[in-house]
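The following blocks contain the structures, represented as structure tokens.
Shared chain: chain A. Partners: chain B in the first complex, chain C in the second.
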Partner chain A sequence: MPVSAAENPAGASSSTLTDRYQATEVRRSIRQFIERAAPQGVRDDDDIFELNVVDSLFAMQLVLFVEDAFSMQVEQHELDIKYFSSIDALTSFVLSKLSVADR
Partner chain B sequence: MKYQTIGVVGAGVIGTGVALSLAQTGHFVVLLDVSEDVLSHARDQMARELRFTALFDARARTEDPSAVLSRIDLTTDYERLAEADLVVENSTESWAVKEAIYPRLDRICPAHCIFAANTSAISITRLAATTQRPDRVIGIHFMNPVPQKPVVEVVRGRHSSDETVQAAHEFLSQMGKSAIVVNDMPGFVSNRVLMLVINEAIFIVQDGVASADDVDAIFVKCFAHKMGPLATADLIGLDTVLLTLEVLYESYAESKYRPCPLLKEMVDAGLRGRKSGRGFFQYVD
Partner chain C sequence: MTIRLTATQLDHRNRARQFAAEYIAPHAQRIDEAQTTPASVLASVRANGYLGAALPAGWGGGGMDPVSYGLVTEEIGKTCSSVRSLMTVHNMSAQTLAKLGTSDQRERWLPELSTGEKLIAFALTEPNVGSAADAIETEAVPCNGGYRLKGTKRWITYGLAADLFLVFAQCDCKPTAFVVERCADGLTVTPIENVFGTRGSMLAELRFDNVEVPTSHTLGAIGMGMTFVANTALDHGRFSVAWGSTGIIQACLDACVMYAEHRWQGDRKLKDYQLIRRQLTDMLVAHTTARALCYRSACLRAGGDPRAVMETSMAKYYASGAAINAATTAVHLHGANGCSSDYPVSRYLRDATVMGIIEGTDEIHQVSLANYAFQRPYLD
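Right, the complex of A and B next:
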């Protein structure tokens, strides 16, 4: 199971420079993809589905993007909209998956 | 479960959705199409759709996707429908296509089998007349995406029996869905109204009154609709929208259903909406 943002090693104060660089890059890349569908702009903590920034069908595109961009497989049990609903949530999700993969 | 084996004819966008929704609710499905290519695409589409369902439905997160897909038998052989309790027909929205399918189903399917026409606009009574069982033909108009839409429009044809209407209720309830029953005239309620709205929205874009973005924004932001008419058209498929308008135009001999020239041009240009990556809007895949 992915860990929450609070437990995310990349967000912790002990994080290394590489971790912080990776976190920035992941966030930038996610933001870029979402903005292609939401040119009006979106804040990091906006729930893009609640606010109707994108429609629900965009969620699957987001899943496929994450798998492709970060070379990861999102498992069936991880397909929960809460991990995909904001730039913050998705960044944490991706970083936690990446850090698990590193170990 | 009373309706156990369900035939689904036509593996396009909506047929695929119906098959998946049935398999997810424990039915055994025979999904038939004339094209192996379409079936192969349907297989991929359903695997993706199962993942999509999980995003919004916790139950789908715990279910093994391969177990669900194993309940769907994809085939080009009509004879496989010989044990179907009910057939949902979702072929192309064209009288010529459907007219050929129904007599064939009538010959192969068992006598108790009910035919549910999942048509956008073609009269159920007219379809029923091509079979020897007009009392067991009814319209079940599923909405897209099928697994996410809990309510459907059920259309009672001139000869649909009370038992068949009851059967449609029971069948839909097995799928976790419910019905609104209406009478049969081309386009029923949903598409008789919706297609006019979509067509007029396309005329507005063609006439330069407003951009596609602004037309839809008025429906979404002013009327609080979930989706504007042009995004809806893209979701349905612009080719299907055009065919549906043509059916309405012919059925009522009524000029208000004449398809907007811009719609025809877009379909000719291969801009068929979401399924082709582009219609009034762009879709990243």
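Right, the complex of A and C next:
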């Protein structure tokens, strides 16, 4: 389930603050990382945890991946599985944080 | 990755080695026999800063880097697994609070946890629930201004000594973490005695009989208790247990080298028998391998590398198994003496066996590491 702008923790719409190229690169990078654990492939809106594509420890890896790949800190209030459950959700989450950082 | 230790890391290791020799080793056998950790030992661990060793310096902790903290853990674990388990549970719970706590929670608890003035224990396991932790039966029912906890936790390391507990309960079927103070009304702490290994770790059963916990004591979001809170704590715990297990292997090797050098059988010393030499070789290689995996885990953690989670699991899985093998060999090498409390190797074997169960059983790690194998980390 994609995260809506209303659920966006940074409170901003990504499309107004980031260009299409950045969004594409973020999505590509996230997909590449997730598909290492799910080589059978996942759709952008697949809930990787509900589908048991990955185990719960992968959520921890995802947090570290986001912090490492996009040079950002995931805050304690952002540690909610809804931001990490799909490629769509995580892309929205990362873009919203990047857009806040750009302000 | 470099494994050349810095001057600071060497200093931490040497000080921990000296501390363990002076303040823990003289009590290690007694801790095992009496099934408790003397207040004087707890006080010395606290006074030397080992309870908050890995906590941020900004809160009064030691701010140790992962390699230094690991080396300290190996030295303590080499000497006494019970005392090492105190460091494990306190640091894993307090580090989780430092990472996931709100600013109010950090300000309230971290200063005293960093100095060790207060101890915190990790309360996940229950009488009916071990590895399948999502199925915990303890309930948190919303009530005015907070939650009411009802249920039982079992096998809580240093539960008898803790001032705070990191407790996991189902909140409307969503696993959630809470910080509960020992003085809370309705909380009963009962000792568990006559366990097989780490006998001095002051195990307790906790009974929550409608214990009221304010909303401000919820750690992390509702429903995120396992995915982020417990997994964060267990990740820190595995790192500590991996180094502690490496310490047990080192202790076994040390005991066996000394025994083989001095023990005569027939016309030769044990060290001159080829099969004994093979056992020492296997133990030495196991220790070097376990420590290398621990170093790798520590370096990845220091760099915030996503692989750190699973590489820590790998280090724990290997080191705990190798510790059991090394301790089994050590008992055999000592012959009948190995079965006696006159020598420490039987304690090492009992303690090593516990290492293969806590912070995820071998079987749990086998399943999750197989998932990791499909990520093909060996190609990196």
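In this text, the second predicted complex is superposed on the first by the 85 of 103 C-alpha atoms of A that agree within 3 Å, B and C clash if a C-alpha of one lies under 4 Å from a C-alpha of the other, contacts with A are read in each partner's own complex, and residues count from 1 in each chain.
Heads up, the rule we're going with is that a contact is a pair of C-beta atoms (placed from the backbone, for glycine too) under 8 Å apart; a residue touches a chain by one contact, two chains touch by 3 or more.
Quantities reported herein were computed from a predicted structural model and do not represent experimental measurements.
In the superposition on chain A, A:R36 makes contact with both chain B and chain C.
In the overlay built on the shared chain, the residue A:D68 is in contact with chain C alone; chain B does not reach it. Within the superposed three-chain model, A:L57 lies in touch with chain B and with chain C [touch as defined at top]. Overlap of the chain B and chain C contact sets on chain A: residues 33, 36-37, 55-57, 59-61, 63-65, 76-77, 79-81. Note for the complex: chain A touches chain B at residues 33, 36-37, 52, 55-57, 59-61, 63-65, 74, 76-77, 79-81, 84. Listed in rising order, the residues of chain B touching chain A in the complex are 48, 51-52, 54-56, 58, 60-65, 145, 148, 220, 226-227, 231, 235, 274, 283-285.
Of all residues in chain A, those touching chain C in their complex are 33, 36-37, 39, 54-65, 67-68, 76-77, 79-81.
Residues of chain C touching chain A in their complex: 99-102, 220-221, 223-224, 226-228, 231-232, 235, 304-310, 313, 367-368, 371, 374-376.
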